[in-house]
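Listed next: structures, encoded as structure tokens.
What follows is subunit A paired twice: with subunit B in the first complex and subunit C in the second.
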Partner chain A sequence: MGARRAVITGVGAVSAFGVGYEALANGLAAGRSAVGPIRSFDARTFPTRVAGEVPIEKTNALFLEKHRGVLLHVGEAGTWEESGLLRDRKVCFGLVAAAEAWRHARCGTAERKGALSIGLGLEQAFLEDLAEELDEGEIRVGAGDLAGGEGVRFRSRVDLTAEKIRSVVGLSGRVAVHASACAAGGMAVAHAASLIERGAADAVLCGAADSMVNPLGIGGMSRLGAPSPRAEPSACRPFDRRRDGLVVGEGAAMFVVEEESRARARGAEPLAVIAGYATTQDAYRATAPRPDGSRALAAMERAVRRANLTPADVGYVNAHGTGTPLNDPAEAKAIRALFGDVPTSSIKGAVGHLMAAAGAIELAACLLAFTRDLLPGTAHFEEPDPECPINVIGPKPLAKRVDYVLSNSFGFGGQNVSVLLGRPR
Partner chain B sequence: MTHAGRMAVTGFALRTPLGDDAGAVLRRLLAGERAAAPNAHFDASTYTCRLAATIPGAPRPTKHRKFVKRMGLFGMEVGAEALARSGTPANGARLGLFCGYGGLRAHWDDLMPVLEKQAGDERATGAWTQGFSLLHPFWMLFHLSNNAHALLSIDVGGKGDGTTTAGSNAGAQALRAAIVALAVGSVDAALVFAYDSLVEPETLLSLGMSGAATNAPTPAAVVAPYDERAAGIVPGEAAAAVVLERPDDAGDRAISFVSAAATADGAVDFPLPRTSASLAAALSAGDTIVDGAALASPARDAAERAALADVLGPSATLLALTASTGQLGGATAVVQAILLGEALRAGALPPIAGLERPSEGPLRPLVRAEETRARSALALSAGMPGLAGVLRVEVP
Partner chain C sequence: MRLDGKGLPIVAVSTLTTAGLSGRGLGRRVFESNHPLPSEIDAPAPSRPEDVRQRKLMSRAAWFSTLVMRGALTEARWDEGRAEIGAFFGVGASGAEMDEVARLVAASMEDGRFSLARCGREGLDACNPLFAFQIMNNFTLCHGAILEGLGGPNAAFFSRGSGTVTALEEACASINAGACERALVGGADTALHPVTMAELEREGFLRQGLKPAEGAAALAIAATAEAPLGYVEAVRVFPVDRPRGALVPRTGVLRDAAVPAAFDALEDQPCDVVVLAPWGAPAREALMDLPEMLEAELSVDASLSLGESLAAAPALAWALALDLLVHLDKPRALVLSAGPDGDLGAVVLGKGGA
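Then we have the complex of A and B:
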């Protein structure tokens, strides 16, 4: 490990608590839950009718300009809206969170040489577009390559958010799009730290954005059987004995990560040090985590070792904690084995499972440990489960000063990442 | 080149439009063959771009078909084959998996049952009962970005580092991530696999509309890249995998050595040639052969040659493997790593297939196959938006 250290100097977030990092931080600090009925489309007939939905009905140019218009060129957002791409909610959430992080870190021209490392979710299809193009059950393609007369409009490709963030912020460095499903956000931040440590970049804008709160996303997840069958705001209860599934969330969290000495030299104030990180794979089953949690444990253990720490140094674990019957016991076994009785929580009961953005929003939540000496709570956790023998923080946050926190993210098929943050000196 | 930036290839496998045996593919490259043909996947008669270079045949039958699409299955096949051929002793926690894929190309056919039965239901009261409840339970998994990665890790028992990256330079990104993991010692072997297909309806529409793809009516009418009349790429598809190990660990199992870099420059379409050239400058060690990005646009081709001439000198030899295979999107870099290695080992450089009237400019576009004693070459890949990959291949 070289002398270069990666620090977080700016954060931006969009979550079910609202637009902006303060909305997330205040919501978690108050021990509230933001999960509620889906409003952005008519979900009455769906088995899943609640979500950690960002409280706006439509993402459009007005939304972008209202929240972070300063980085946009005049008319730019309007052009994007006309082209249809702002209907992909994760594009807007990513742009807004990135702009907030950039401004929070007080980045300038020099930081624009930086890289972008971002975790993103599925491509977005718009059913209303598809319906227009249907002709007897087949997509109709007209003469001159025009589908429906307006060109190729119904696809929002996987790296569109990255392209727009890079363009708006004016970054000129490399771009990495992480697509490791629910581990993507954590992977993106870990990759950013790696770039800093290796000297491949001095500044990296990193994080993740995702939204599956749409008919296709909710419908697909419902068919998979992953969401809780209860259409109630308390549907997701991580580590609770009565847990029965996840709640889909949406949003974004972005960070400015810089080399520490350079950041301090320009007057930036570190919010946290990215002290360690590691990835592992379960190599077990497609639809279930390894029951003994051994590869999750290996990721945590390697992250601790990379930080030159011992497990006893870690004062809080932000668990992946999906609230599903299989994930939580496996993760709890791993946490217990490595960290013993360390305070642990999951914020998925409060904001839902942000899928590709889960790791990013949860790292943003971890910053509360350093900025407010608060460890986020576990919304709707009431009945401990003997199968999850860990020290779960209840619905209210725990006031405690700790120096190191670790956040887990586990993706489909057992792609695991652990990121360890430290209190800045 | 430092040890940290150069790793040994100890195994490989591929599926390309020219076949799945690297030796046989090289012979076809040397013969100047082109894989372009009328689109075999779907009726493209109304499209501007009606040609494609597709992988012949289908993936082998597998239980994973319920989770993974055709290209992902090809990716899993080549990954397992490459690992088996490598002879690496690394396994379990010392074996990492690094996947690059071009991006999901949605298969809207899956959604037809959802949409058809909702006709006339303007209030969407039947959205679930007449629509989404008809989706296959695994529909979501089928469309996950890391499904092939996850299932391959299970099949091969790879429990070490793992990343899945996306984009048209994803293969180069995956190679770079694997090289870094090996350099820092977190794994002892890295299985890198990449897959992509540009032969999907929406991609062809986009490429056709932008003028990036050929509108030639027949394969014979396709004009090669670096030809003065070049007029667009042939969309292709491929899956390819390599096993990388540290040179000291590989010993005499080393087939070739690779280093790689990837970046982006903010361009809306293809990256600027100087972006790729600066990466090439960082990797180059006196190389005189380069496999170009071969975008088949006279302006882009000329700019690329000028930028590369600044790095390699004006008389460097210019190849274009994708003139034969078609453009391979996110799989390009891994295919280049394999085929360039094979060409250097054979001491023979393939011509730019179909090149008849090379445009004026620096570098020497290869019109006919020729022997070589060179032991290394550079390779460029480029995709939208502004994504560039470069690798250096060297043979023992």
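Then we have the complex of A and C:
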């Protein structure tokens, strides 16, 4: 590695525990789960009725103005609400988390030259608007008169959140939108570190935002059979013998990542060093992870190597741990093969699977290892599974001081990313 | 990013346009005004059993991407060690089949209105259970990687232009860092999807001359190669200021940004060929004086011939430029793309020895 090191100097989060990083940190430190019945839409007839839902029913101008503070111009959020932009919950979550990270790192004018690297989930389609255009079994949308009227949005563009963060924060650097499904958040943070290390940026606002807690998101995942069929708060039980699926979550986590010497020179306090990262592809099937976990193992191995460490240096693995029958054994095999008995947990039982934002919220959770000497627990884990032969931390967090932690994220389609964080010196 | 020495070798290229699937010849066809106008592409149908199976899970762009990835791999003769080959692509919007969406919505109607309760009870069951795989943006990259066994470093960037340039930059960075020795890089997209067309209309792009198109292109790049087609000498995204809340910069601001961007990318080296990829009239006006300022012998406006295919547009322009270098025996080309995301992408390509 070169002399330039990437450090995290600010963090912001929105999760099922509430708005703000402290809500996430305190919830995980208390070993609680925030999964519960869906409230933002009437999901009573849907196959999945629980989620790791951010505890607000509507994302609107009021929500943004309450949490965004001075970065918004007067009336700006109201205009966005009128034009339907805030119906996509991840736009609001991303903006709020970005503002918190920006303030936490005490960024100023100089950091506005920085880049934005963000993982975002797929477009939110608005079925009720599309329904207005239904004509004899066909949806007639397109150019000209078929483009919809005032306030109509057939979908929100993938990069809408990035566009708004760039504009509101006033960033003048490059913008990269990672569209790598559940690996997007981890990839965005890894990309930020790469930009810093190779001198392409001195500061990067990075992370991810997503929400699939909407009729098509929840419905589409249900059709795939990915969520647990149990509509209970304990529906997601990563690595547990009785696990039967994931729980959809939503939210955002954003970080300010800077070149270390520059960050220290301006008085910013590093929360963690991004010591290593790597990506691989399963190249197996569209519908399932590679059962032997070999490409996930390759990503973890390479992240450790890039950090100039050995597996024994890693004191905690934050697993992708979806709680699905197929993911957990494959990942467990890979973790066991590389790290042996290292303490491992998944926070998806507590906050749900944040999809594109999963890697980001889980990296935010990993900061607990350095800020509070706590390794997050695995909510609802009770019965170990011989198919997952790893040292799973139970529902309560483990008090332990470690210097390096590794976080995995694996996307639908086979994209894998591992990010390795180190305790700042 | 300026690449050391001659740059990173480009071993192969594959494009899918209205002229079909081809390895070379795009530049010559455009240069000779012999390229079919942009319209819906008559893409080859899947024939291999695994393609037929997987095509059902694919969007149109994902199938395009698979075709050009396979084309580039074949031309590069990269049959071995595919598990270590990287893949970096600019990908576009969700390409959900409208028939699927219509079935879901139609089955969710009650008394002439969309009913959430009915959607949960009956609507969801009316569409393909694997519908979600069709709509995931990253599957434009992943289907090809799965079918061709590419297991190396990878990234999918959402792109309306600069995301695809970022994909090239990250592929180069990945090779430079030793994360892989070979990578496929490119973009695939369709701006002809009805919802994308509505989006472009609402955003005002169609009124300003954006010609929606579709297509795909992939380059095979490597750390080293004997007699490559060409080299990536430099690649960089240049962010351009725009008024708060505006989608794209003003024409004058884009023009003022394009000049230093071009010189910065070239680092004062001469440039024989300039290929521009402006999304529409305002961007075209901003870039039109550049070839003369750079004293280029030849300039081509890729968008006039190929239309605006969003995530695919920059990659098609690179393929076009590379082919012109080979066809006209010129040493260096600058490709400047200005997509509807408002930023500039600059790529400098050098001619190889093939």
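Things to note:
Simple rule for what comes next: the second predicted complex is superposed on the first by the 409 of 425 C-alpha atoms of A that agree within 3 Å, B and C clash if a C-alpha of one lies under 4 Å from a C-alpha of the other, contacts with A are read in each partner's own complex, and residues count from 1 in each chain.
Throughout what follows, a contact is a pair of C-beta atoms (placed from the backbone, for glycine too) under 8 Å apart; a residue touches a chain by one contact, two chains touch by 3 or more.
Here the structure is a predicted model, which is why all the values come from computation and not from measurement.
Annotation: superposed three-chain arrangement on subunit A; subunit B versus subunit C shows a clash. Within the superposed three-chain model, A:Val177 lies in touch with subunit B and with subunit C [touch as defined at top]. Contacts of A:His73 after superposition: subunit C is touched, whereas subunit B is not reached. In the superposition on chain A, contact is made by A:Leu120 with both subunit B and subunit C. Once chain A of one complex is fitted onto chain A of the other, the partner contacts of A:Gly225 extend to both subunit B and subunit C.
Shared interface residues of subunit A (contacting subunit B in one complex, subunit C in the other): 42, 44-47, 120, 122-123, 125, 127, 130-131, 134, 137-139, 141-144, 147, 154-155, 157-159, 163, 167, 172-181, 184, 187, 191, 194, 198, 215-216, 219-225, 278-287, 295, 298, 302, 411-415. Subunit C meets subunit A in the complex at residues 1, 54, 57, 82-83, 87, 91, 93-94, 96, 98, 101-102, 104-106, 108-109, 113-114, 116-121, 123-124, 127-133, 135-139, 141-143, 145-146, 148-160, 162-163, 166, 170, 173, 176-177, 179, 194-195, 197-202, 206, 212, 237, 239, 241, 244-245, 247, 341, 343. Remark: subunit B residues 46-48, 67, 93, 97, 101, 103-104, 106, 108, 111-112, 114-116, 118, 123-129, 131-133, 135-141, 143-147, 149-151, 153-154, 156-167, 170, 173, 177, 180, 186, 201-202, 205-206, 208-209, 262-266, 268, 385-387 touch subunit A in the complex.
On the subunit A side of its complex with subunit B, the touching residues are 42, 44-47, 116, 120-123, 125, 127, 130-131, 134, 137-139, 141-145, 147, 151-152, 154-155, 157-159, 162-163, 166-167, 170-181, 184, 187, 191, 194, 198, 215-216, 219-225, 278-287, 295, 298, 302, 411-415. Note for the complex: subunit A touches subunit C at residues 41-47, 73, 76, 120, 122-123, 125, 127-128, 130-131, 134, 137-139, 141-144, 146-148, 154-155, 157-159, 163, 167, 172-181, 184, 187, 191, 194, 198, 200, 215-216, 219-225, 278-287, 295, 298, 302, 411-415.
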